[in-house]
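After this come two complexes, each holding subunit A, first together with subunit B and then together with subunit C.
And now, the complex of A and B:
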């Protein structure tokens, strides 16, 4: 990520040296203090909470309570499965959208606006939106039936069919959160030097070869960043799950929320939080190992 | 027009449809009568009735929640900008040891799930007496927005030519005077966009807000809490209220969003 650092111009005052040297640190200080209070200290406190019980004794009581919950493992699996199904779908969509934005088609500003719209949409808003589509007397059934593809409404949000509900959550999340990947990929696509693409054209590379041998290798660091960002966020999926799955489908974040708001147990909730942190770190580790940059491979 | 361009436009229209058609469905749902919402099959064109919207905004608790949401979002925007502007300026204008470490630290905050942060903060806020207040939620949202906004603001300041500032100093401005007279007017639209990003993030955020409030929920928390019992017109009108700011705000800041997302695309 350090390669992205811009060449900061040196201002006259800096060349003069002297007392101005501490000025940047002074300017950074408020935000550093803020991040320490609101990121570092709650992080430490989260461990403290997870490894104490409601009576305040240190130990694994809260962890054990979490592991003993019938809904724990289903929540873990649903969270992981959601991510695994969602990521490839999102990347294909985001790549297509980014190509449209960076191509020389007319109205690139309009395409950019439309494709980034879901970025501003809240998780809950998107959840309800897709609820209106998947609900029994909703839009999907209306469309399918008018096309003659089904005879009677299909119950998409059937809580006895967890896979079907998970499918609807995947679609809703693909709709909502692909914009974030688009933003990152567009930056990467724009950074590919024109010469490379022209060289590909000179050698009569087809669109597929161009993609496979020029664009994707050049995009490697960008794709890695997008993967990491999206993976970390995917483990926090929350309101979409509640809007579509009600109380019948659990993920880690809904379990943490329930532990706090319903059982009033901050210890149990923190234990869930740490599990989310743990799976995030493991997933990021896998991505870093699976997609090494050239430097790391020693090229 | 070549075959490839036709294919390009075709793909673009399909992708745009994937984004826009679901939004149209929610607009239809929000502007239909309850009878129309409960009928089947649904009509693709709304009867432009304000019945559902009126029902939503006059429901007990909604006006208060909407007000809370707006106050929290504005507080978040202001506080985030006050903290991010100096930091972004330092990153854009100075070469100093630790700048890279700072950037890296800011980026790595993304690894901390909001779930892990908000629960201990609820405990702190109870002790500090700001639990279940607009300030508590706004402070949390500021923490979530700050890393992104610092990077956005730094890009904004980097885009203002240093020459302007130096010229102002040559003509007798102090360092701060030069900043105020030469930099701020040029950076203002970018700074406003960065603050807008924070406002939107806050208006949309639901997990932390649901942990940190009890009697003073923000709009998404209020809608979420009653969701399973809520009638369809309430849900659809609520969804439109949650979605509406996105249309305007993304329009205003779309170009500046490119590059906020990730490391290598920092500029």
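And now, the complex of A and C:
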């Protein structure tokens, strides 16, 4: 047994010297090629487009056009507001849903499938679905009227009441994409060793103490991943905003889409894409700094 | 080397997945708009909604001897990009293009379309209306074959008619009467019941360019910031006060008309036809109103053309012959409610009730004394989207945000001149057609 233990690294070292040395790179090559072709190359092209004009000259014309657009700053603010409202709301919801799924209650596994159903609905489909709920002659007003809670239909999608419209978008987005965070959090919850939770029980920790001192610290890397994924996706929210807010509510992604499809200006659309990329990077940076892992904290 | 059963299974699954992925990557014959083994690709920016595309595939293309892949995508930008990419590659994956007059004008200006004069001459028996043939002629030759036509009209629910102002004739309304009418409806019902398609896919820009501007000012670009234009914007601001605020989400006005959210609406005839077909007794169509300078309206013409990069145009010409055949024209009218670019009397089989009502309205509108036919923006090339943006930005600033009319018009007039200068575009109807870059007035 002792011989086997001492021999193993020697054999491995010998193997690394041969063609096996290139094996890891060979295995990584398809992924690298995929990332280069489908991610890096379009991104570099988008940078090029954002800083060139239609005649191919380099300059800041598209950036100036974007900053000079009356709809730019409202789009930035609505995007940020949506993120600030959605992120804590979805995180709290997802945490509660994950706890239900991982609890030992009877039938708790079934909830996983129930909670994941919205993931099967496309963003545009979700937008249309919620539009049919919030529109003046929609389901919500019908239910509220039949319950006698309102006398006449409320116009929920009234652009003159921006907070009301943002509220409808938040509801639709929370319904549509919370399950994505749930998947990540469930993974994290299931990875917590049972010993820790049992130790907390031994010390008579209550549910809140268990959550605060055991579950949340153990899930820090998972929560970080979930927040990063949701933040990046929040900057791409697009179809629900178009369906519910129409042309009265703008976010950066709808502006980018409009610049390309409606104004036929790929340069302006790329400038918006660049802003989305920058804002996403800043937000991800904030999350990485605010939630360091134990290794990063030197523990 | 011994492999366990589990490893064999893993290898098998891996190989299957790899094969599947490779198949997805390499086999593009199923992708919309690509050329199949023997199929012709018919790419169209029109008839692109799911229902319309299904009607094209199942009924309009039925009977054509070759397989045709119909790819409908309403984005003109995507169509331009594909045709340009094909031209650069030297071979076209698209056999036939279906698009609007203005979209073809952009491609024709870039020299990307085949000269269709011989095809138009071969199809002399189709009886295309002279007005549409003239529109199809760009720079002295036919850039496309007329295919489908339409225009924009108004529609109202019958319960709205009781609030018409005294002495007003529904078939000959003025813009002032329309405002009085929608105000009366709002007063009586307590709800704003006018509607304009100001949503993401709505055609409000065409209302401004082809209806409001020509009717109030007699022009569009040359009168963009004039005193008459200021009066038009004031009118629009007033009538918007009687419009359902959900109008910013409306793409097609037929749904809000049917649901009752909107009682009086303006839209493209094709985007109203479902309401007229579904409830012909409850919903009526009528011409657009007349303004101080006449009744401005915008005829819409869609056509068929062949990219220059197509090596063998003969199958594409056969497909054009099929699509313009009187029997297919009748099917097109019945299934997707686009009108033919020919005299309706020549279409076999009569018209369905809703379509018939629209046809009457259109004929009445065109025949109104003082009717001013506008043309879709011509010669703007890739600037047509930016041109539309000037109008939607002005609408947003003046009507939605309540900005100062004169100030906004001055700012947007400069932007408009920039678009026209950059495209080197001459004026088009209803502005005085002339040489040189059009000057914004």
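Heads up, the rule we're going with is that the second predicted complex is superposed on the first by the 266 of 299 C-alpha atoms of A that agree within 3 Å, B and C clash if a C-alpha of one lies under 4 Å from a C-alpha of the other, contacts with A are read in each partner's own complex, and residues count from 1 in each chain.
Assume contacts are C-beta pairs under 8 Å (C-beta built on N, C-alpha and C of every residue); 3 or more make two chains touch, one makes a residue touch a chain.
Values in this document were obtained by computation on a predicted structure and should not be read as measured data.
Undergrad: Quick check on the superposed pair: does A:262 touch subunit B, subunit C, both, or neither? Answer first, second, both or neither.
TA: second
Undergrad: Which partner chains sit in contact with A:158 here, subunit B, subunit C, both or neither? Use first/second/both/neither.
TA: second
Undergrad: Check the contacts made with subunit A and report whether subunit B or subunit C touches more of its residues.
TA: B
Undergrad: On the A-aligned overlay, A:245 touches which partner chain: subunit B = first, subunit C = second, or both, or neither?
TA: second
Undergrad: Please indicate which partner A:139 is in contact with in the superposed arrangement: first for subunit B, second for subunit C, both, or neither.
TA: The first partner, subunit B, only.
Undergrad: Applying the document's definition of touch, where does A:188 land relative to subunit B and subunit C: first, second, both, or neither?
TA: After superposing on A, A:188 lies in contact with subunit B but is clear of subunit C.
Undergrad: For A:173, using the defined touch cut-off, is the partner it touches subunit B, subunit C, both, or neither? Pick first, second, both or neither.
TA: After superposing on A, A:173 lies clear of both subunit B and subunit C.
Undergrad: For A:131, is the partner it touches subunit B (first), subunit C (second), both, or none of the two (neither)?
TA: both
Undergrad: Let me test your reading of the model: by the given contact rule, A:71 touches which partner, first (subunit B), second (subunit C), both or neither?
TA: A:71 sits against subunit C, while subunit B stays out of touch.
Undergrad: If you lay the two complexes on top of each other, which residues of subunit A touch subunit B in one and subunit C in the other?
TA: 131, 135, 137, 242-243, 246-247, 260-261
Undergrad: Using the touch definition up top, name the residues of subunit A that touch subunit B in the complex.
TA: Within the complex, subunit A touches subunit B at residues 1-6, 8-14, 21, 23-28, 30-32, 34-35, 38-39, 41-43, 45-46, 48-49, 93, 96-97, 100, 103, 105, 109, 111-125, 128-133, 135, 137-139, 141-142, 145-146, 153, 175, 180-181, 183-184, 186-188, 191, 207, 221-222, 225-226, 229, 232, 235-236, 238-239, 242-243, 246-247, 252-253, 256-257, 260-261, 266, 269-270, 272-274, 276-277, 280-281, 284.
Undergrad: In the complex, go through subunit A and note every residue touching subunit C.
TA: Residue positions touching the partner: 54, 70-71, 131, 135-137, 152, 155, 157-160, 242-248, 254, 258, 260-265.
Undergrad: Which residues of subunit B touch subunit A once you look at their complex with the stated criterion?
TA: That would be residues 4-5, 8-9, 11-12, 15-16, 18-20, 22-23, 25-26, 29, 38-42, 82-84, 86-87, 89-96, 98-100, 102-107, 109-124, 139-140, 142-143, 146-147, 150, 158, 162, 165-166, 169, 175, 200, 203-207, 210-211, 220, 223-224, 227-228, 232, 235-236, 238-239, 242-243, 245-247, 249-251, 254-255, 257-267 of subunit B.
Undergrad: In their complex, what parts of subunit C are in touch with subunit A?
TA: The contact residues of subunit C facing subunit A are 75-78, 80, 190-191, 198-200, 202, 244-246, 248-250, 259-261, 382-386, 388-389, 392-393, 396-397, 400-401.
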